[in-house]
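The following blocks contain the structures, represented as structure tokens.
Next come two complexes, and both contain subunit A; in the first it sits with subunit B, in the second with subunit C.
This part shows the complex of A and B:
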């Protein structure tokens, strides 16, 4: 008779030992499978956050200076978030650590009133890093931007920006816009999307 | 009375239960079913869904936000998750007047994001929009294109759909 699952006492009368052995086997298999599945799902599901505004951001004045359009300045809802830590654009968290991130935003910029034809709209994402010993001074480490000129055909201008950034813990990410629609202020329509996904660590092994 | 493990509910008999071959079979089948799930995770981790396809050339009239009827993509079974959708519209014609070209990516009939290119002065312009879609299996991803000007425009759209993250 084959010795099933290493039981010392496989005799028919020893039912209690067989039951305990089956329980132990089930728990051992579950532990092993759970570890494998968790690792695979961590690989398949990169930490990602997607947020959408549910209200317009209004009153952006014409200027060559940039204005903040960070998520949260208008009412914002989180559509998806599997970041294994609290995520903040104003201070990149320590986990998952230095690495590559795709960061993007999609928005509609529309004049609140009269339109200045062919006027500038520029959206940019910047990565800022505090200079050691420099107090609040920050260096611009990297940026991504999109520049369009108002076509004045109604509906404003749809703009998307995406960039790949090599972030360090403590870095800051800013979303900004500037425009020269002198005839009226500019609004960012409700439904603007902000998103970030962690591509990979700069170290060989990372655990969440 | 039989019990189950806490995560995957693998069945096992408890002391005092009558143990027979069915108990072994039930446990083996439950483990095998979970192995199939792990296999699916393994496949997805190595071979994430990625799509790169083009629409046919389609004639669109000025001033009408027109659905591009080819090149659309349906999120497959097991594909619920975050997708990065890109639509790049190319103009292959010379309308009498062109002022702007806009592409918007849609999920079902809802526009999610887009990009508008100013093409005043008949400057040949393409437009590309890229952004995330929180998608469920069966969702149809497509695009609309709006051309502002005079006459008709012949366009095609180059789509890419990349699964970023699974909702499971």
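This part shows the complex of A and C:
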């Protein structure tokens, strides 16, 4: 929002300039209305990306280590994207800018064959940031996760993870899973949903 | 003699006004428009460039006594002045009544009991709880997000409730609690 301008009005001895003054008032009003409208339009249209996989991600082996389940590892379609520039979870772009983001995923994790009763499924979203001067070393800045255990009643496990993250340009967001289904590998079913919405800037203090 | 617009009551001259009144009428008119635009801009400033949001974190594992709210060690984001760790590092204090989204996530160490539970509970406002099974094999991650009404002055905090009593307390390895403004509570028109 730009600094509000005070609207001018004519002095009593200034009748001859009425037409000009009316033009000036109209332009000033328009400028302020334009800024308000621009702000409200942007607020009603927050940068968002929603993606859905259209194929299963298969062959995830039982391990205590986490495996990537990023959108794009299986065939993925973008349902909606109004991010200002190309969005990449592996390197957060400069725009929409540093600030608050709502990031989540909703997926079904299902054994490809036999199920190990009561075995672990743990999905997490991690926010990573490169350590200055540390080469490829990354710090875990934040994470959101969900832990469930497959009771072997069929259908796999539906898992949702969502978090509010304070992202900086250059950060990385990873979606990962680990499991201990020793009896078979694990698949992430087609239809997994991933989303990110920019909530707002970090810099301004809200007049509230 | 002046007239007024029907919605915002903007004052303007009419046919009965003397020409010499015109400057004064104009000044009144633009002052009225100024006031309306100020109100618009105040409302717009609540949604861009920032919305009211606070995000606090546990970045270093912490031992928490039973039944106590999770103590946080870091303010990651606060655009509305809702946090004051010098006073209390367990709360986010909302300062305007409205509808808010609360997002909480935690990773806690196992209780050491097979088939116990962990319940992540957020106090303040009208929010749901989320429960997870603890199989005594791994740390447990829980995430909850919901939208509800929070009134002015409400203190939002986060509790981890163990299904089995842990007198020595429990370890939160990582956690975050976020509150962000979603909408006002006026009836839509």
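Operating definition for what follows: the second predicted complex is superposed on the first by the 166 of 208 C-alpha atoms of A that agree within 3 Å, B and C clash if a C-alpha of one lies under 4 Å from a C-alpha of the other, contacts with A are read in each partner's own complex, and residues count from 1 in each chain.
The rule is short, and it goes like this: a contact is a pair of C-beta atoms (placed from the backbone, for glycine too) under 8 Å apart; a residue touches a chain by one contact, two chains touch by 3 or more.
None of the values given here were measured: they were computed from a predicted structure.
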Subunit B versus subunit C as contact partner of A:18, first or second or both or neither: both
Which superposed partner A:99 touches (first subunit B, second subunit C, both, neither): second
Touching partner for A:164 - first (subunit B), second (subunit C), both, neither: second
Contacts of A:82 with subunit B and subunit C, given as first, second, both or neither: first
First (subunit B), second (subunit C), both or neither touched by A:118: both
Partner chain in contact with A:61 - subunit B first, subunit C second, else both or neither: neither
First, second, both or neither for A:149, with subunit B first and subunit C second: both
First, second, both or neither for A:36, with subunit B first and subunit C second: both
Partner chain(s) touched by A:195 [first = subunit B, second = subunit C, both, neither]: first
Residues of subunit A that lie at the interface with subunit B and also at the interface with subunit C: 4, 15, 18, 25, 29, 33, 36, 40, 43, 102, 104, 118, 146, 148-149, 160, 162
Contact footprint of subunit C on subunit A as seen in their complex: 1, 4, 6-12, 14-15, 18, 21, 25, 29, 32-33, 35-36, 39-40, 42-43, 99-100, 102, 104, 118, 120, 122, 124, 140, 142-149, 160-166, 180, 199-208
Touching residues on subunit B, where the partner in the complex is subunit A: 3-8, 10-19, 23-24, 27, 31, 34-35, 37-38, 41-42, 44-45, 48, 81-82, 84, 99-100, 102, 104, 112-120, 128-132, 134, 148, 164-168
For the subunit A and subunit B complex, residues of the former touching the latter: 4, 15-16, 18-20, 22-23, 25-27, 29-30, 33-34, 36-37, 40-41, 43-46, 48, 50, 79-80, 82, 102, 104, 106-108, 118, 146, 148-153, 155-160, 162, 193, 195, 197
Of all residues in subunit C, those that touch subunit A in their complex: 19-20, 22-24, 26-27, 29-31, 33-34, 37-38, 40-42, 44-53, 55, 57, 76-77, 79-81, 95-96, 101, 103, 105, 107, 132-133, 135, 137-143, 145, 174, 176, 178, 180-181
